[in-house]
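Chain nomenclature is as follows: A, B, C and D, assigned in order of appearance, with residue numbering initiated at 1 for each chain independently.
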């Protein structure tokens, strides 16, 4: 393995490889509490019985995950799933501390029926865009409660994914949908203080099958301008129509200072929530190339973005599929760091696209596992987290 | 209203209109037991509380539906949802009789975990294509049990929709997936006797997000050849990739004598299961044009096909959305009957496409509600089922 | 036919029908000079020989079209196709006057190789985003020349459709693509004066097959903010990924005061440029419903938008397919005017989506041809333009 | 580099690597005569001037290509582009001999207007499915002429890609479209003799924008059964709707003994005809995994399939983009050979999908360039064909 690393030193230069070794170790990748549980489809969720169930169990699993992979130093939490009130939220602190991790992004669940109150009855008609003011108000309040939970847990990132949408053209005026959303969103954003961020997620469809209230990045971007400097765009890789060039969107949003972060997963058809990079590793590579290029041009540093895994582990073991996903993300990131950006810039200026594409493919075709191993060795992590996990769990 | 009908008599000829009045009344449209319940997504199902729950309540609802609309003289049933064994299935006869309807297509549920036995443990890996022989055998047995239920209830139509698929390329060999499916399917088809039909449904994705075992009509068609004369293709309007010309597939499968029937619904993005004809009424019209043209050319008579509604009523009231859907289907069918097929044939032979398309649009743009009303009046049905339902329920 | 109209008076109210008769006559629908010619694909264009070739012939055809349909009072022009310099452009005035029509939107062709100069050599690498400054400058200059042509011909609408894009990730930095485009666009927008409009068109792909410089409405919207009040978004119905809800985008852009107009056509797969409303008449109806709702809410009046047909007449006779398209647009618009917006508002507020959708479908299912005929009769137009054209040409 | 190869020997076993070195050298990859020319879109083709124009020039270029890459030992030819009659076709023999290559697949051009005769007038309405019998007959005749050319040039592979389709539902009956196609195709297939193959290509759209006559693999498969043992399915990677799992289709068609070969390219949106493997290298890898698995199961040996590149080189230099494509194909093929199929089988049988996917990714993440270099070295080829080409041309 040392020979393999020496080869990379020689080929790419020791400086480049050393930076890659260091940066891949420090890029923050967040895992979600719900991701340790078994995912499902509308046809059912097939629980095996070994999945963690309580918030405490999920946090403990995340702690193990962090020890094994070095990633997941923060965990995304979902409310009320992970706590129904301040008392319950406060109780998360102890397991977090025991697990050696911190609370990451705070996600407001706006689609689950509450046991009591206005969110109970007609939540299928929406939350922040519901025709009834009392439901909109209760939904805003839940978001603001989540901001409290965020502060209570020492986090500063709030994620808004909105289940609102419609299933037919008669159901709601597109004008009212927009207006209600903007009104509600501004109430939430006004509750933010400095250094707090609200990430606004978009999604082309599901659970709305005729419209969704925040359907694409264009809408998220507009809302994030309305909402001010605290608001940014969240890109979930599986939330686009077929054929959308995601890395182009990313570069454009980075340029406008509005990219906040990612929900990572992979998809073949729709919001499939498969293991990140498992089917489209070259797309993931291109995304990181665009992020690095953005950093080099003076836009947001890569490591200041929020990288969160958001997958649905329906078939594979959730813990293991998260390990797989982290390795795919690390691989794509390291490959993107090996790109000869200087050569690329020259070929593009010419323009001479054949060598430009070759420069990219040269990095992509490199076996970067020696870099991953070295990085893990430097941090006392197992070289092969999956095997270690299987041997020890 | 009489004047409106007179106008149609005059414009299209009384013969044509009389046939339309008669045929729209007699085209069989089946409703599903599960369709009277509240549908949902993976994010939840929002039950209102008024939905029928037990098989008996669903059958009673279907009886009311039949009285109001004249459609739904048969009801699709799903096992084990509607009965777990022969005793329970036998008990359906009484409510069916009371409701004045008959059992229609019999659907095998192969995705729900059974309480006991080999289907319990690892059903997420498949049913007829499961890596373990005992699960495949148990799945075949459930299908054959369903054939028994079918005979017990006096039906002759078995519908196979297979939830099997994979979420990653490593999970299963595409060769083994095909082989297991064909082996299992032949065991089922060999259990069929004359005049019994197995309809083989296909679906591009969900719940499998990398592959589904029967992914498209080409696969259904091949399987229906393997399985013999009793096997036919079932087209669900929402089970295709974007951009597939569904009416072309229909004509080709009709020509090959292999079209068995439809699961009707509408979709914007994926298998959205919205109200049939609510977003793409022109597509529904084109489908009926192709069916009628097939009948005129000596292929399968339209009324011998199985027309089944298969929707997920997540937002609207299920009973009402079924009425809406039936009306959209009737509308499309009547419009397709008004097409001047003789003129169309001439324009196509020329070829002279502008008048050919105009002939189609001439029928599509006609207001056919006078025909629907006359047809309902002739059969003692309320002219406006939705209003009558609201007034009386 | 009078009885049919009386029926509509009675059903919808005479006021509504009278307004529809009047408004459908006055909604401006522009036809393009190039649309009278034979379209083609990359596999060839199959000219019959009867198509007009010179700008003068196309303008004469447009004049005939206007006399027959009442639409096409302005004609979209494309430069340098319709004129290479001011002298040639000036010569268009006479045929326009003879044809009884005016110049409409002015379109800059940025994809054709010029005979001489910097646009000759490497135009495949782009125009406003070309890596070479001299090509970008020449492209800006061509746009500004087009503004001169616009003023010279008495028009005030400039349409920018950009062929720029890339075929591989190496070819161009997404950052430079954005930056160059914004720099160039601002040079063009600064050349605009009051009451002049630049419409910025977007397109998901083609001729770029990895990226296009203005890929979606989100990008057009952003550019139109940068460029100021004179800049607006142009929606071409065939320029979206599969599954995008176009009418939702329209409502959102209308709300933001940034919708400029449309390129009308229909599509099944991509930018197919088929006859408007020929496959998705319900979508066209929904679009007009959203436009009317926007006007009723105090946003842009429908008739102040630019409605332009932009199709590729590969198979049918171009002149005839334009007639077909106009009739489909008129039909959709009239149906949208028949919607009971007051009832719809109530049902939406409840929320009670089943009757809300029924209100829409009630209008859509109405045969509005009596309204079209009455409108044509009032303006001395042939009741059936296609038949009249066939009889007289 | 030797150390890199030693590492692979050690990791995968010398046997596996030696086989990979040998097989990647001998897999036949065909290049098309038209691929050396500049491609274009409906907006134009931007010729640089250095592209070969005459058939002789294209063949000479293919000879150079073969010398550099070892691939392209056969060249696909297109008639009448590469010859209008037997005399002209016969004249291709000399340049082929001089270039050291042979004629490969013979492609019938059915979309270009001929100078004289029945194909002249209305070819936009179709060839083998044209409403007029004389056009259908002339089209069949052209196919049979192409069989003559095939024999004359010593090839045994005929490729049928059909431009036929429609742009509206009125234009043609879907029944007549099918019937005419089958009649015509049988005339062509009956003219084939033993050891001759007709490959039937399918395509979801373009140039037909409402239907294409052979729209998907299901249709190709059916036609190939009708046409008999000489007929097989040709898969063009860019001819599917979004979201179709191409490798699954491939496995199914292989299992049925009907896969004939490929047209290789890559695509993001539609039939983009980009460099193979440039955007979806993992898909290309998965395809080769399925082919190898098929060979291991006793189906068609990989090297007996026809691998043809079919791209449109609009931006990059055609010759160079072909080199890039060949390298991407070689890379994917070698990676697929490194898969631990034995381990994969075990993990799938368990089922244990996480290690199964890891086995695939382990091969994919390997840098296989040492194998490519060794293979080239063994055959006296330049290690880096692109650099050699740039230095010497």
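Heads up, the rule we're going with is that a contact is a pair of C-beta atoms (placed from the backbone, for glycine too) under 8 Å apart; a residue touches a chain by one contact, two chains touch by 3 or more.
Keep in mind that what you see is a predicted model, and the values were worked out from it rather than measured.
Peer 1: Report which of C-D and A-C is connected by more C-beta pairs in contact.
Peer 2: Answer to which pair has more contacts is A-C.
Peer 1: If you average the CA atoms of chain A and of chain C, how many Å lie between those two points?
Peer 2: About 39 Å, centre to centre.
Peer 1: Among the residues of chain A, which ones contact at least 2 other chains?
Peer 2: Residues 122, 125, 167-169, 171, 204-205, 210, 242-243, 245, 268-269, 275, 278-279, 315-316, 353, 355, 357-358.
Peer 1: Can the chain contact pattern be summarised as a line, a ring, a star, a complete graph, or none of these (other)?
Peer 2: Shape of the chain contacts: complete, all pairs touching.
Peer 1: Considering only the defined contacts, which chain B positions touch chain C in the complex?
Peer 2: 3-4, 7, 242-243, 245, 268-269, 275, 278-283, 315-317, 320-321, 324, 328, 331, 353-355, 357-358, 361, 364-369, 386
Peer 1: So in the complex, which bits of chain B are touching chain A?
Peer 2: Against chain A, chain B makes touches at 40-44, 46, 111-113, 122-125, 163, 166-169, 171, 204-207, 209-210, 242, 267-270, 272-275, 278-279, 312, 314-316.
Peer 1: Report the residues of chain A in contact with chain C in the complex, numbered from low to high.
Peer 2: Interface residues on the chain A side: 122, 125, 131, 167-176, 178-179, 204-205, 210-211, 215-219, 221-222, 240-245, 247-252, 254-256, 286, 289-290, 293-294, 297, 344-345, 347-351, 353, 355-360.
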